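The following block contains the structure, expressed as structure tokens.
Chain nomenclature is as follows: A, B and C, assigned in order of appearance, with residue numbering initiated at 1 for each chain independently.
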Amino acid sequence: MPILLPEKKHEKLILENGKRLDGRDLDEIRPFKCEIGVLSNTDGSAYVEHGGNKIFAGVYGPREVHPKHLGLPDRGVLKVYYRMATFSVHERASPAPNRRALEISKIIEDAITPTLFLELYPDSAIEVYVMVIAASGGTRCASTTAVSLALADAGIPMKTLVAGLAAGKANGKIILDCSDEEDKAGEADIPCVIQMKDEKICLLQFDGDMTPEELDTAISLVKKGAKQIFQKMTEAIHQKFENIQKETELEIEKMIQQQDIDSINNIESTIENETEMKNEYDNIDINKKDFDFNNIDNKKNKLEEFDEEEEDFEQ
Amino acid sequence: MMGISNIVSTIERKYIYKLLKKGKRIDGRELFDIREISIKTNIIPKAEGSADIELGKTRVICGIKYDIGSPFSDSPDEGVATCMAEFVPFASPMFEGGPPTIDSIELARIIDRGIRHGNCIDYKKLCIKKEKYCYILFIDIYIMNYYGNLIDASGVAAIAALISAVIPSAKLTLDETNIEWDGKFMPIPINELPIQITFGKIDDIVFIDPSLPEELIQDGRISFAITESNKISSIQKSGPALWEQDEIIKLSRIAIQKANDLRKKLNLRQYIPKL
Amino acid sequence: MVESNGAQTREIVYPGQVISTDPEKIPGRGTIKENGKILSIFIGIKEEYGKYLNVVPLRGQIYTATVGDKIIGKIIERTPVKWILDINSNVEAILKPSDVMEKEKIETKSKRLSKREEETEIMKLFNVGDVLIVKVISGDRLSTPLLTTIGEGLGKLNDGIVLQIEVPKIPRIIGKQGSMINILKKYTNCKIFVAKNGRIWVRGKTFEYEQLLIEAIYKIEKESHTFKLTDRIEYYLKEEKKKRGLK
């Protein structure tokens, strides 16, 4: 039986004052926020809120493909699994993936693959799981954005981040970032995701009624909106590490106050000296220099005493 | 501590066991300390009710949806509530995607029983017209991060989502052939709030609220659902461990005490919607 | 670099970000050159070393097997003729019985056993779940790494606990000329072995000391991109010892 309150249907999506139902201008995007590193058991993860969308993405990999024959001998395989929670939509959805979810999984894979260096990981797989816990128009674009962030969070080398949103047409006018109602009742829905570094399009679908000129306008609008989203993404990335840095600055102040000054004076701390992080990443296809810029003294590291392999481990 | 997989290293097993023998846990807790719980409700706009629970690093999101259907023939004047649990693959590298596994089915059924026999939902108030129309509630549990003890975390998520939920209230149409919205909203009719308390066991050492490393090596577990009136409303013994009778009775008493402490601490009734 | 309150902040970059258009600069690790521009491929910290521009990743990566590295592996599978280990990489590694013990040791132990019987005997030594300190003898990102326990400081671990942190943060745990690891050892009185694949073995006199050390290690991992970390860890250990009543 249909549930008691059907979803509202709107005839007029653009009001008298030229604003949209939620008060936005035609080219205004919905609020966007994101966070990386939110799921501690994954290799990388991200959470995105875009309008009413709430989306988690978690990454495993690169890791061995099981069964082996599903892997490729010359490059890694990217698999995306897009799912929606039963309670993410107005009428409870089935927990099992439907054809739409499977299609979206594939187009996200096709969008993200060009941003990765899959040739680095033959016989391996990178698996991304997307869970939409609240949906509200443009979920596939926000999901692609989340996947991109989650992969970067996993430390997987990437050529660029991506961001996207859906453009549309409402009451004859081209609009940016369709809301739920605009998605359903509008005259066109154009999900589009672009690469941050060169604005090339990596995801594009279209449903509706438009001339090529209108489409051109719509895509330009998407690029404008995506730039604003990129801004938020980079802010979130900076903030994550700068917050930690700020906390440590407080700690340093406390330390100075507590008169633990002798240790501070003794140890040099210029930037070059502090950065000793040796990058284990290594690939012949990418420009790299064998730059041994640190002197990790491994002798200090020797295990003093432990049990030889001949011994039993019974106590 | 070294990656997560079904294969726990021999030294980790030894380490955890040695600590347990001294009455300590790998995360510093005592044998009968429960991890910190945090609750957020009303986080999913399109769900009638929702809660996001963290029990230590275990994270569970529960959403409540409803539908209108007909009562079961053996309970013609009662509404229906059903539980489902989804182990999202990003919650743990040990979770594979695909159809529900036996573990997710067991979890859903445990939570379901704790609610069903715990005088929780007032099913009669969910009936709109006897034998014809009633509410069907869907309690959908999504495991977002698995770090041990999904049962207790899911239990709190389910009752927090239920108690904070708002559903449109229904009435019969004038000609009594159908149901329609009467313009108002109501909370889900709840009597008591059951709390799940789970114990793990390794050899003969028992501890409460197992965290992931403990759960991976434990021989078994036992969960009690405790009602507000200090009664046991359901028990589930899982895993191949064996238990003595007086052990179980002793644990049930501890469970009652712990459930009460937890109830006071969480004060779930603060989430009742103000309509 | 931006200066604020005398403290400096490191520049955090993201994948695809242009970090230089200077034609004199040479793209180092963590970067690629495209159309005359140098781009970062990680979320990380930009570093300049003369003409080289590097990006050091801030987020976890898996380990890439490098010949000669001492690493900690966990046996996850065994066949009658070899063990398969998880080494925190995108590929699993193999240990063969012929790489377990030195020839001389085998000869003294065995009493004219055939090669196959020898192999069977050696296969009894390790089981699934055992944690070993091994050395990588061959392999890389593309092929299955082979391991050995022949050599000083290699073998099965019987005690203690192993943690795993993000691989790029490992050098931080050791510090310049061992400065950090020495502070960790000094204040917690624990044995520590830091492996190249992001794993750290720890064994202390008491659980409380081990806990403190484990917390300090996670703190270093989290704050690896910040300044005066070594001093702050020393301070942290001193303060925590006081708070927890440890001597």
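Points to keep in mind about this one:
The rule is simple: a contact is a pair of C-beta atoms (placed from the backbone, for glycine too) under 8 Å apart; a residue touches a chain by one contact, two chains touch by 3 or more.
Model, not experiment: these values are computed from the prediction.
Centroid analysis (C-alpha atoms only) places B farthest from subunit C. Per-pair tallies of C-beta contacts place A-C first. Ranked by how close its mean Cα position lies to the mean of all protein Cα atoms, the top chain is A. Centroid to centroid, with C-alpha atoms defining each point, subunit A and subunit B lie 30 Å apart.
Centroids built from CA atoms put subunit C at 39 Å from subunit B. A separation of 27 Å divides the Cα centre of subunit A from that of subunit C.
In subunit B, the residues that touch at least two other chains are 10, 14. Residues of subunit A in contact with two or more other chains: 313. Across the assembly, subunit C contributes 157-159 as residues in contact with two or more other chains. Here subunit C touches subunit A in the complex through residues 1, 5, 7-10, 12, 14-18, 26-33, 39, 41-43, 45, 47, 49, 52, 54, 56-64, 66, 70, 90-92, 100-101, 125-126, 132-133, 141-142, 149, 153, 155-159, 166-169, 171-172, 174-179, 181-182, 191, 193-194, 196, 201, 222-232, 234-236, 238, going by the rule given at the top. Here subunit B touches subunit C in the complex through residues 1-3, 5, 7-15, 19, 22, 24, 28, going by the rule given at the top. Across the complex, subunit A meets subunit B through its residues 1, 3-5, 39-42, 45, 52, 54, 56-60, 81, 83, 85-90, 92, 95-96, 127, 129, 131, 133-136, 313. For subunit A in complex with subunit C, the touching residues are 36-37, 43-44, 61-64, 115, 117, 120-124, 152-161, 195-197, 233-234, 237-238, 241-242, 244-245, 248-249, 251-252, 255, 258, 260, 263-264, 267, 269, 271-283, 286-289, 291, 293-298, 300-311, 313. Of all residues in subunit C, those touching subunit B in their complex are 72, 74, 76, 86, 88, 127-131, 157-164, 199, 207, 211.
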